[in-house]
Amino acid sequence: MKVKLWRCVFTASMSAAMLLGLAACGGSDDAESSDGIKTFTMFTAMPGTEINDDNEIMNIIAEKTGAKLKETWLTGQTDAEAIGTIIAGGEYPDFINGGDAMMSLYDAGVLVPWDDYLEKYPNLKELYTDEEWDSFRQDDGKIYWANVFQNTYGENRSTTHNDQAFWIQARVLEWAGYPEIKTLDQYFDLLESYADANPTMANGTKNIPYTALCEDWRYFCIENAPQFLDGYPNDGSVIVDTDTMQVVDYNTTPTAKRYFQKLNEEYQKGYVDVEFATQTYDEYIAKLSTGAVLGMCDQWWNFAYNVNDVFKQQGLDEQGCNYVPLGLTIDEGMENRWHNYADTLNNSSGVAVTTSCSDIDAAFKFMNDLLDQEIHDLRYWGVEGEDYLVDENGLYYRTEEMRMQCADPAYQASHMCNYSYMPQWLGTSRDGKNAMQPDQQASEFLDSLSTPLQKLFDAYGVDSYVDLIGSVEEEPGPWFPMYSYSGSMTTETPGGVAWVKMGEVKHEWLPKVVMAPDFESAWNEYMTAYNAANPQDFLAEMQTELERRAGL
Amino acid sequence: MKNPVKRITWREIAHQKFLMVCAAFFVIYGIVFYYVPLAGWVMAFQNYKPKDGLFGSQFVGWEKFKFLFSDEVFLRVIRNTLAMGVLNLVATFLMAIIFAILLNEVRNVFGKKIVQTVSYLPHFLSWIIVTGILHDALSSTGIINELLVKFGIMDKPINFFANPSYFWPIVAFANVWKETGWNAIVYLAAITSIDPNLYEAATLDGAGRWGKIWHVTLPSLKPTIMILLIMNIGNVLNAGFEVQYLLGNGLVKSVSETIDIYTLTWGISQNDYSLGTAAGIFKSVVAIILIFGANWIAKRSGENRLF
Amino acid sequence: MKNNSSVTNKVFVVCNVVFLTLFVVITLYPVLNTVALSFNDGIDAIRGGIHLWPRVFSLSNYQTVLNQQNIITGAIISVARTVIGTLLALVTNALLAYIVSRKRFLFRSQLSLFWIITMYVNGGMIPTLILYRSLNLTNSFWVYVIPGMISAFNVLIMRTYMEGLPNALEESAMIDGANDFTIFTRIISPLCKPVYATVALFVAVGQWNSWFDAMLYNRMNAQYTTLQYELMKLLSSVMQQSGSATTGGNTASAAVTPVTVRAAATIVTMLPIILLYPFLQRYFVSGMTIGSVKE
């Protein structure tokens, strides 16, 4: 018995050691392989998908540019934590995108300034105007990173409303004969009358007129509507009153009170989902996926991808269950700014080159090459003939089969190579016809609409969600968006402390206020708790930042 | 105690060479891997910034602790943590012991193996899966409400997650559900060391099933129970964050927030490492006080003790 | 009297069977539910309402899991760390437990206290990282098995078990002049199989399941990645995909979603443990093996 046991242990250790030896031999990375292709490393403090080492388009790009990129993504940490541990560990990749923690990297002195390379590499320079580049300058006057998103080349091509709105199902509008819905009251009147006339769906599922997600950070679904209802854009944490150049707290405006009072009234009447306050995100998505929820307030990206997939699979899209956005305001005749036409330049985060990079010039050259139209098309459209076709007018399009293939994760990992956190363009391609990225190609968009949506678009005479919501087309001021500042506040200032406390209070009280049998007293209690969090400290710091940004 | 402990003689010490050498190794190992990193506690007294490192960050004294203890939310959070910690401890402890003993009473070896194999499986499910199922079961259309309404116990479904008074029991139940089988493994191993002669003797004395459980099994498990109990008493402030975070919502915030959630809200999301460290030190100090206390009580009452 | 006791006996058995059956049902449910989800189409699963059987059968979740890059390397490293880590931990923890179970050992209680404290204190992520880096443990395999080798919890469980052993044999060995090493390897250890099996299970499961250390200390070293870290990466990437536009196109769907991929990853993780368990289980289910010692 004893001999047997020891033999087992011995064998096990030997085999483990051998496996280990094997594994250790498996990989040893060289920055430059025999064929002269450089491999850069990159860490992005956002979750993402690793592409395979033998990815096809990655290799095509490598042949054309002489370099490839090995990306690593955030897993199980926050961006600040990840960057904090990387700094403490002292080992850096060649490229880094630190999310909201870029300042820590700058403070640690490990980033390479871009200034000299911008002159050398025109594609990079072209990304932003001089004023925009200036906004990236740190206190030593140099540029250390560039945001890669929300950057439009040529004409804006957005078709979806990738922002917040009060959404309503196409079937409700169709039933009512496509009325103009402009105010919060009209919206709920319509939901009520539809639900009264149609208590259930065709399959017998009970309709839920309205729900609101309150889970964790996603509670913006219930929280931030007052700023939009007052006709302001999504500054996120405050309203900026452009007449007086003052920040205004949208949580305490008369509109906020009217909005929550309306929700309370609808809740008491039984038109608001009884589980709105306790549902999890998964439950919310599952609920929307049944097609039974007539309306809600949400960001498009928070629900649409999952829910639309299910609708399509279940044939609910043909029953008019898809959601369309309404640009509601609190009163009739106000402008709405739900849709943001301009690029939102978040200059607090972006891609940077680190001092650990062995060939810094090559790193900048690589980023420059990635913006060449040919490479850009490879990154986002793929290989012509395989991933997209070109029609007689030079327009790119995908067959249904190609669309399916390009959405398959295995295909993406082995074939597609977005380099999605490297500099990139939205908007119109340099050929003046196509969109830089397939999801902005108008023909691709219209082809994919269900019949009820096409009828609805015809009835309102629009051809995109953006037209439908009818927001004012304007460039917000240079301070926009204010949330980029509140997001970077820390507990070192009283404003930062107040900001967290305000969030905690709202998180607890907003659902309570909606559910309260006596709205007035609940609202007063909420206001007492809210004021105890010292919102004035927060607002004062926001005001200072606003004045700094506006150059006052 | 029957045998008064004799003084350890020099001769014995000389014989303990092997033990001494090994002990020295374990002490060095422990110092390197467990005690040296405690230098990081200095972070609690600093405004730690990654760029300045442990030695260059600004020293702020007790400021982080003052921040914690001047916040009334933190005091409420301590209450929640303690309450859930104690409730979880009692519930999971009792269930694991009861389960182990009852399983041991099963005579059918096959059945016994099946039950045991199934019982520890939920341990491997992540909290997000377990809480997802729990959320489903307790929703207004879930199985629990369906049963309550069907049997006329309630006339309409209860929204379990909207009422703060259900929250702690739900968390305790979730812990029991996930960990009972796993926790019972230790007791099952301990039961194997019980001398069968003791059972025979008890049978001769006319003891029934209950009698044997009460007079043989339980007393034999006592050392294991005591040791685990004392160790876990030190852990009551580690009531966790995942399960509370996943089951909680705004309506039950006042009872669901634990110290760990608080630390996450303030420390991690605000990039304040120092505050998290301060909360960690507080938890450590409380834990050590608690185990010293528990150990002292055990010593006084002549039970097995930790040290 | 006798009649009475056999009636209570029967009642006991019935209650016990009912209780354990109920227990099995409610603990088996989440596992079966996870299995069902793992075999269900991802998009369909978003609707919820799947219980014990998949509604739209699909293997794509398992395909996604097994297609994850480095999954083989990861599995090899995970097996290696589990085997080596468990052996190392078993030997060292048992030895430490033996030392602190010696009632006559001079520093017995000091050494116990020294280790008990380690259960309740830790220096935090960053100081630990700095330490490992200065010991050259980062970017290596050894960071998985060396630092966490000794767990006071396991040591105390072993110690308690050892203290409960009858000490007749040991005393006679002492008289024969056996030294501590011999007593530990020849007399104590063979009796401790149930508790060794328990601790081996705890350590092996811990090693097999851990992924955070791989991420923290071997982030950029694909050759030291572990299975669990690869699965975590996959999961976080699926979660990110399902909430963003990066998949491109408005119509096509990926058919894998976090819920179902998580279920598949969970099953893949659990399988080896389920297979390993019966081998260890005999040590703690058989029972009553120790009586002969005393004779």
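Letters A, B and C mark the chains in the order given here, with residues in each chain numbered from 1 onward.
We adopt the following convention: contacts are C-beta pairs under 8 Å (C-beta built on N, C-alpha and C of every residue); 3 or more make two chains touch, one makes a residue touch a chain.
Nothing here was measured: the structure is a model prediction, and the numbers come from that model.
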- Joint neighbours of subunit C and subunit B, given as chain labels: A
- Task: Specify the chain pair with the maximum number of C-beta contact pairs.
- Result: B-C
- Length of the line joining the C-alpha centres of subunit B and subunit C, rounded to whole Å: 16
- Task: Please compute the C-alpha centroid of subunit A, do the same for subunit B, then give the distance between them in whole Å.
- Result: 39
- Query: If you average the Cα atoms of subunit A and of subunit C to get two centres, how far apart are those centres in Å?
  - Reply: 37
- Junction residues of subunit B - those touching two or more other chains: 50, 132, 273
- Numbers and ranges of subunit C residues touching at least 2 other chains: 48, 126, 130, 259
- Task: List, in ascending order, every residue of subunit A touching at least 2 other chains.
- Result: 81, 84, 88, 282-283
- Message: Considering only the defined contacts, which subunit C positions touch subunit B in the complex?
- Response: 5, 8-9, 12-13, 16-17, 19-20, 23-24, 26-31, 33-34, 48, 92, 95-96, 99, 102-107, 109, 111-124, 126-128, 130-131, 135, 147, 149-150, 153, 156-157, 160-161, 163-166, 179-181, 194-195, 197-198, 201, 205, 209, 259, 262-263, 266, 269-270, 273-274, 277-278, 281, 283-291, 294
- Task: Mind listing the subunit B positions that touch subunit C in their complex?
- Result: 5, 8, 12-13, 15-16, 18-20, 22-23, 26-27, 29-30, 32-41, 43, 48, 50, 54, 99, 102-106, 109, 112-122, 124-126, 128-130, 132-133, 136, 177, 180-181, 185-186, 188-197, 208-210, 220, 223-224, 227-228, 231, 234-235, 273, 276-277, 280, 283-284, 287-288, 291, 304, 306-307
- Task: Flag every residue of subunit C that touches subunit A in the complex, lowest number first.
- Result: 43-44, 46-49, 63-64, 67, 69, 73, 76-77, 79-80, 83-84, 87, 125-126, 129-130, 133, 138-139, 141, 190, 211-212, 215-216, 219-224, 229, 232-233, 236-257, 259
- Note on the structure: Contacts from subunit A onto subunit C in the complex sit at residues 2, 9, 12-13, 15-17, 19-20, 22-24, 26-29, 41, 43, 46-50, 52-53, 72-77, 81, 84-86, 88-91, 93, 160, 162, 282-283, 285-286, 289-290, 301-302, 305-310, 312-314, 380, 398, 400, 403-410, 412-413, 418, 420, 437-439, 444-445, 447-448
- Task: Within their complex, state which residues of subunit A touch subunit B.
- Result: 78, 80-81, 83-84, 87-88, 101, 104, 107-109, 214-216, 219, 274-275, 277-278, 280, 282-283, 489-492, 496, 500, 504, 507-512, 515
